[in-house]
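A single structure is presented below for examination.
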Amino acid sequence: MKPMFKVSAVAAIGAAALGLATATPALAGEITVVSWGGAYTQSQIKAYHRPWEKLTGNTVNSEDYSGGLAEIRAQVEAGNVTWDVIDFETRDAVRACDEGLVVPLDHSIWPPAPDGTPATEDFIEGTLIDCAVASIVWSTIIAYDETNPVFKDEKPTTILDFFDTKKFPGRRALRKVPALNLEWALMADGVPNDKIYETLSTPEGVDRAFAKLDTIKDDVLWWEAGAQPPQMLADGEAIMVSAYNGRIFNAQNLENKPFVIIWDGQIWDLDFYGIVKGTKKLDLALDYLKFVTDTQRNADQAKYISYGPVRKSSMALVSTHAETGIDMKPHMPTAPENFKNALFNSFEFWADHSDELNERFNAWLAK
Amino acid sequence: MAIADATVQGITVDGVPLKDKLRRATRTSRVRAFLLVTPLLLFITVSFVLPIADMLFRSVDNPRISSLLPETVAALEQWDGKKLPDEAAFAALAKELKLRREDRNLGKAATRLNYERGGMRSLITKSARKLKRVERGPYKEAMVEIDEKWGQRETWAAIKLIGKRYTLVHYLAGVDRRFDADGNVVTQPEVRRIYITIWGRTLWVSLLVTAFCLLLGYPIAYLLATLPLRQSNLLMIMVLLPFWTSLLVRTTTWIVLLQSNGVINDILVWVGILSDEGRIRMIYNMTGTLIAMTQILLPFMVLPLYSVMKTISPSSMRAAQSLGANPFTAFVRIYMPQTVPGVGAGSLLVFIVSVGYYITPALVGGSTGQLISNFIAYHMKSSLNWGLAAALGAILLAGVLAIYWLYDRVVGIDNMKLG
Amino acid sequence: MALPPYIGPLGHAWHYLFLTICAAVFLFLIAPILVIVPLSFNAEPYFTFSQDMLALKPDAYSLRWYQDIIDNRQWLQSAKNSIIIAVFATSLATILGTVAALGLSRSYMPFRRVTMAVLISPMIVPIIISAAGMFFFYSKLGLAQTLPGLILAHTALGTPFVVITVTATLVGFDQTLVRAAAGLGAPPSRTFFKITMPLILPGVISGGLFAFITSFDEVVVVFFLAGFEQRTIPRQMWAGIREQISPTILAVATLLVFFSIMLLTAIELLRRRNERMRGLSPG
């Protein structure tokens, strides 16, 4: 009987230990990651959320928002933070940092490159800012539907064509913010790329940009959500649109739409991850960010959407689209062929001037 | 005499004067009635009135700079604004910028100042960074050297203005006005004027929608009121169904109907009235807002009109006609004056609702069909200028309450009819 | 509408013109709602009638957009939220509103005008202002982005309708009935359930329906207060119209139209019952 008892005692302890082991996942955490929705969020879920959940046993709640800081500010002010990690547009990241809505990040904690280069040197310049770490390079481009009868004889190839309503009559769609539109207006007015922000910093430059926008104002439809422009092209509401390159890539390759991207004058930008100040899950959130900033992971998102990595060591790892097998390299905003006449969106300029230029833009729109 | 007195005063069986007893009974009834209302009154106060009061307070509340840069604000108190402030103000600001940089609150101050004056954000952050190396005064020269903007009195005027604990700047901004460097109220420069246009447009759209609703609603209300009950009940469903249908559904239907490749354009092209390239732009502009809002608010006009017309006896018209008036004169001189209460009620109702309209303009208004509510939402959600949003809201609320007061005088709240 | 015999030919012309105008206005009111019903069965992802649809070919019609609603977790989730919020908000609004209306309609009610003004203020204040105020205040209390927060907000928006409809029913209410019951020795609770309640019930129910539809159709407050998890049907439709206008929205819209027809029928039946009970109309 005695040995029997011993065995059962061991079994009991083993069971207890097992119980403890199975209990661990139940204790595992849950964080809420907030992003832009649609195909973009899908690519993050596949490239980041699922693998992290698998590795750590934690869960990621994915929520959508449409940019801006209103909700985050309300949460922080009320001391009731329910969002943990946010995917920010650059200007929002800078501003959230200014306003103390996100926690300062120590960038030396991100994983080094496979060859041992520390993260702080491996990330492209400008992609590590005080309270946020960049995740992708994306770009705003002009796109058109090549089957539209307007383009029967000639196809548009430059920003100039976008502003040429004689050559290509019909409605165009632009995002309902001054950012990028003023830059394009100056480009179309003959200002070289490296002088754009310098010109925009002067009152005359701003007048000049608005004067150029005036020439197409009656033909512009304004969009607010990233999903709108491809839809406007598909519905024939607009003949040319400004859009995020990833959305057009998806329409071209997953929905077989006859859309063409004009890479000339593309304005490239970054998306950042930040952690909301006052989150109760700071450690988990940091753990998540350490995971997604890793070299391989940073390249993985490009398997699902045509946005490029921000680590030098990740560039070479960009491969093919997970579902269609398309080689993703030529679709990256940073591909040399596409990057020839690219402008970097100056968030410093916009952080400073967006209040007054938004005001003026709204006044201009309302006239 | 004594007997008569007792009869007048009245004494109850238990010897208490009737008047007192009645007063006590009345008081009990009053308290009882009020107790029944109390739960809802408390609920509405907490869940609705307080939130609105709290928001309205934000339109004048301005704590940020006065709490982040208190010494600078104090030093600027005595400044007359004529010349540059003295060294004390420079020193105070330099000290506080360094402090705020250390406790990571600099950005908050910079953003707030940037609302008032573009470029202040970079000026503040840059200066704070460079001031780290300036150990001692005089700070005036040092700061002007860092950026010449510190040598302009407008920069300081902005700090002084935004440093006030309570402010009217948002109300001024809400009507395209601002304080200049000397503290006078002046009109915004041409390129920044917007709200006068938007207020004007909101009033104009509301008036137009009210007029359209009256124009379209009057005939059908008349028809409904004069038809036999069975038929009018059937037609009434056509008024009530839209009324009960989701606002989003009705807005969607207008997008489907009016867009370039929508049903109406398709029909017009198919019939041959329009060429394929000549499709009319009926949506994402003012036209879209007007059409959709008129259809959505029409029941609000028809229902009050109908309930007034229903009470008008047809015999007065017949009498006038039998006395020799032609039908048209009889209608205009006899019938229409009797419908004025209905016209007033319907028009005020439609007008009140249109002035605060948000959803439909946001979805079908494009850039030329946006009303004041859309700008309040914009400042709430996008620009984060909550003070301005609150001020615009307060002005709108005051306007609506004024019309509502009028409505109460003309129609009476108690006479409000639903469905 | 029969024409009186003394009207001349000009009168006839006027009359027919008048009827044509009325027909046009009714068409304007109802046609948009009817157009979307067939379009929601479109087999193609477009918002126009295809040639095949006009030719009534069966292939041109399909239920794929309805299937889409069922397959989409977000639509189901938002339907669930809408129903939870509307049901709780309606119950709360109906109880609070009815009790308040009983007090308000007593002749002894003090500060009647002011109280009434406060109670129906949620109906008067432009919704954007209410939403903005609630956004700040509810965030402070930790009620933003929660279902209870939305329920409270919608209750506040719904109560004015209950107060108004129930007060209106009580205007025609014969108070001597209550006194008679009390005189016969019935306790107040019994008087309420046996006498008052049956008489005001139609008003309570139609007020409740108004509160329900107010909550069910409300989007601005949801826009400000709800997180992604608390999205309701109108909020989801808003996102759909804004971002990706697919025929699924038309399918949802069609379902909502049928839903409103049901509500409308309920209201109409109640109204008739109410009028019959008071002997106001022959039925």
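Every chain is named by a letter (A, B and C) in the order it is written, and numbering of its residues begins at 1.
The rule is simple: a contact is a pair of C-beta atoms (placed from the backbone, for glycine too) under 8 Å apart; a residue touches a chain by one contact, two chains touch by 3 or more.
Predicted, not measured: the structure shown is a model, and the values here were computed from it.
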{"item": "Topology of the chain contact graph, where touching chains are joined (line, ring, star, complete, other)", "value": "complete"}
{"item": "Taking each chain's C-alpha mean as its centre, the one farthest from subunit B", "value": "A"}
{"item": "Chain closest to the assembly centre - both centres taken as Cα means", "value": "B"}
{"item": "Interchain centroid distance [CA atoms averaged], subunit B/subunit C, Å", "value": "23"}
{"item": "Mean-CA-position distance for subunit C and subunit A (Å)", "value": "40"}
{"item": "For subunit A paired with subunit B, centre-to-centre distance based on mean C-alpha positions, whole Å", "value": "35"}
{"item": "Touching two or more other chains - residues of subunit C", "value": "47, 135-136, 242, 245"}
{"item": "Sequence positions of subunit B contacting 2 or more other chains", "value": "259, 261, 380"}
{"item": "Numbers and ranges of subunit A residues touching at least 2 other chains", "value": "235"}
{"item": "Parts of subunit A lying in touch with subunit C, wherever the complex brings them together", "value": "37-38, 63-65, 71, 74-75, 77-78, 80, 82, 224-228, 231, 235"}
{"item": "Complex interface listing, subunit C residues touching subunit A", "value": "47, 135-136, 139-142, 144-145, 227-229, 242-245"}
{"item": "Residues of subunit C that touch subunit B when the two form their complex", "value": "1, 4, 6-7, 11, 14, 18-19, 21-22, 25-26, 28-30, 32-33, 35-36, 39, 46-49, 96-97, 99-100, 102-104, 106, 108-111, 115-122, 124-130, 132-138, 152-153, 155-156, 159, 161, 163-165, 167-168, 171, 206, 210, 213, 216-217, 219-220, 224, 234, 237-238, 241-242, 245, 249-250, 253, 256-257, 260-261, 263-264, 267-268, 281"}
{"item": "Subunit C contact footprint on subunit B (complex, rising order)", "value": "26, 29-30, 32-37, 39-41, 43-45, 47-56, 58, 216-217, 219-220, 223, 226-227, 229, 235, 237-242, 244-257, 259, 261-263, 266, 295, 298-299, 318, 321, 327-328, 352, 355-356, 358-359, 363, 373, 376-377, 380, 386, 389-390, 393, 396-397, 400-401, 404, 413-414, 416-419"}
{"item": "Complex interface listing, subunit A residues touching subunit B", "value": "68-70, 73, 95, 97-100, 104, 171, 176, 210, 221-222, 235-237, 348, 351-353, 355-360, 362-367"}
